[in-house]
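Residue numbering begins at 1 within each chain, and the chains themselves are lettered A, B, C and D in the order written.
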């Protein structure tokens, strides 16, 4: 019996588990700003996209599952879970599975840095902005690997296009937020939101906002930059040969990325959680995020696709130049001493 | 707790580094290299250099590994087999011997010079603003030289690719 | 719980991992199985497939990758500069100007090349 | 925190792996991998020593900044060279790329 005295009793273990499960940190990580929120938001965005696109095209969209089809994403998810996972005969199955896992991990990773209220953020890191960009810069390699591992021509071409597109638009995106970094002198996303209490950054950084928004569209592979999965030429792009759960993960990852990008635009340019106080702060963040996402969706419904070489050239020359002009504007702003508005 | 983290990270770094060199497919090797570099970024975070870790991830894993993957995909024979004529044996054993000697020598020398169990001082992170200020003031010359290096890379890389394209187009290479 | 920032990121990623892996295994177990050469063939719009997709292809856009790496590094250095930037031009700002000025010539070369047909 | 020596041993091991690759591999891309590993071993040492000096120094960090940038540039040009060599010779086996020898 003596040797058992050092061990915790069952009661203690249960208590410990209960304490962990009900702790604020655990709830944050698993439920609200954390995993479940991101997943459900992404699912909600698929529904939103289908509804909005249907309205644009004078259709009705999902209708039967739940109230006006809001449970449709869940029904789709359950359906896909029971589908057969088919891989083409020449494919590299192990690498594909690994890439699906990696894609999921990558897609969910940036969401930890998004602040949902004063002090209401999972990871309040000093390098939050760069962290988000660093994680986003890992997507092209995973997608290229999926295209490669599928060993089929459409996914491979889609993967290559995706790679070049994301690579070409990453630099304008980085440089377009440099103005904000200069104005606030920090990379901490919470502090960036706090700096916008008086005036949102969309006003002084309107050029940066335009560049960031365009680059975000390209990074998300959405119309007018949806070349990697141009339905009429490349079927489904790099997702062509995915099926069952891997397809679901690829799909979910894309919408998670949409959510993260919209939330990032909200945080950086649209004041994050700031807004009239009659609505709680996290609700403001979600509202703005979904608003930005629906603007992106409406753009999908109304613009044609551009050609690949034009796309790449525009990315390098025009957007880069605009981002540099934005930096000069910011330098002028600071030099004239107007930056007191955003200094904390 | 940090001990487990350190051991996991160093295990990741070492194992995936070996995998990078020994994997049969070159593509797997590149994936191994990516994991190794991510592990090094994790070590940087453990050492308090968060910004450096992000720099490492975005430049190494986000850019260099992508370029490596792309090059590997370009460097193939028509048959689809990766060009690789490995010849393990004498050379491999010699490599292990040399590498082991060098690693032992380096580790031994450094550990002899540095106090064995030097404790880390208290550290609460460095304000990132200081970093930029310091970088530009004390390392200005290095910065300008880096600018020249970057310029040389642009010119060199583009010229190489241009030459390559012209050769390919004229049919001289095939 | 005295967890710091990066531990929380790790915990979060572990949660994602713990959801994804069972999902993949579940899909693998629940889906139908069986070999069918036609269904397992790569999709090529209904045609009989032509084998390996990993053939040599155009490297038309290789320069973009080179420029990407270069600008990735430059952007990171610009971020460190932007963090320290404060209205009054200090010596360091001029030094960064030199850093940028050095980069202008190769950029001009790159843009000159991009103007040529079939390159970039 | 671990003692400094554990970081040194780790980086020495990484250096050893890199040198092993340089000595025994014949594929040019694998040689590039080895070089990257060696550079990373050096970087770990820089950051570790910067952290363990009292008070922690920024110098180590800054050197690693330049080191990473230089290594990225090296990889860029190196890969372009490998590509050209492959198109001209049809191989990236460094033993066969000996046409430059006098």
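Following the convention adopted for this analysis, contacts are C-beta pairs under 8 Å (C-beta built on N, C-alpha and C of every residue); 3 or more make two chains touch, one makes a residue touch a chain.
Nothing here was measured: the structure is a model prediction, and the numbers come from that model.
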item: Dominant chain pairing [most C-beta pairs in contact]; value: B-D
item: Centre-most chain [mean C-alpha coordinates]; value: C
item: Intercentroid distance (Cα basis), chain C paired with chain A, Å; value: 14
item: Where chain C and chain D are represented by their mean Cα positions, the distance between them in whole Å; value: 21
item: Chain A and chain D: spacing of chain centres that average the CA atoms, whole Å; value: 33
item: Rounded Å distance, chain B centre to chain D centre (Cα mean); value: 5
item: For chain D, residues contacting two or more additional chains; value: 65, 68-69, 72-73, 75-76, 80, 83
item: In chain C, residues with contacts to at least two other chains; value: 6, 52, 54, 57, 59, 62, 65-70, 72-73, 76-77, 80, 82-85
item: Residues of chain B engaged with two or more neighbouring chains; value: 50-51, 55, 58-59, 62-64, 66-67, 70, 73-74, 128-131, 135, 146, 150, 152-153, 157, 161, 164
item: Interchain contacts (touch definition) - all pairs; value: A-B, A-C, B-C, B-D, C-D
item: Chain A residues touching chain C - in the complex, by the definition given at the top; value: 20, 23, 25, 29-30, 34-35, 80-91, 97, 100-101, 104-105, 108-109, 112, 122-125, 130, 137, 148, 150-156, 160, 164, 167-168, 170-171, 174-175, 178, 181-182, 185-187, 235, 240-241, 244-246, 248-249, 312-313, 316-317, 320, 327, 331, 334-335, 337, 339
item: Contact footprint of chain A on chain C as seen in their complex; value: 1, 3, 5-6, 8-9, 11-13, 15-17, 19-21, 23-24, 26-28, 30-33, 37, 39-45, 49-54, 57, 61, 64-65, 67-68, 71-72, 75, 78-79, 82-87, 89, 111, 114, 120
item: Chain B residues touching chain C - in the complex, by the definition given at the top; value: 45, 50-51, 55, 58-59, 62-64, 66-67, 70, 73-74, 76, 78, 80, 128-133, 135-137, 140, 143-144, 146-148, 150-155, 157-158, 161-162, 164-165
item: Touch list for chain A against partner chain B, complex; value: 95, 98, 125-127, 130-131, 133-135, 137-138, 140-141, 144-145, 148, 163, 167, 185-187
item: For the chain B and chain D complex, residues of the former touching the latter; value: 2-3, 6, 10, 13-14, 17-18, 20-21, 26, 29-30, 33, 36-37, 40, 43-44, 47-49, 51-52, 55-56, 59-60, 63-64, 67-68, 71-72, 74-75, 77, 83-88, 91-92, 94-96, 98-100, 102-104, 106-107, 110-111, 114-121, 123, 126, 130-131, 134-135, 138-139, 142, 146, 149-150, 152-153, 156-157, 160-161, 163-164, 167-168, 173
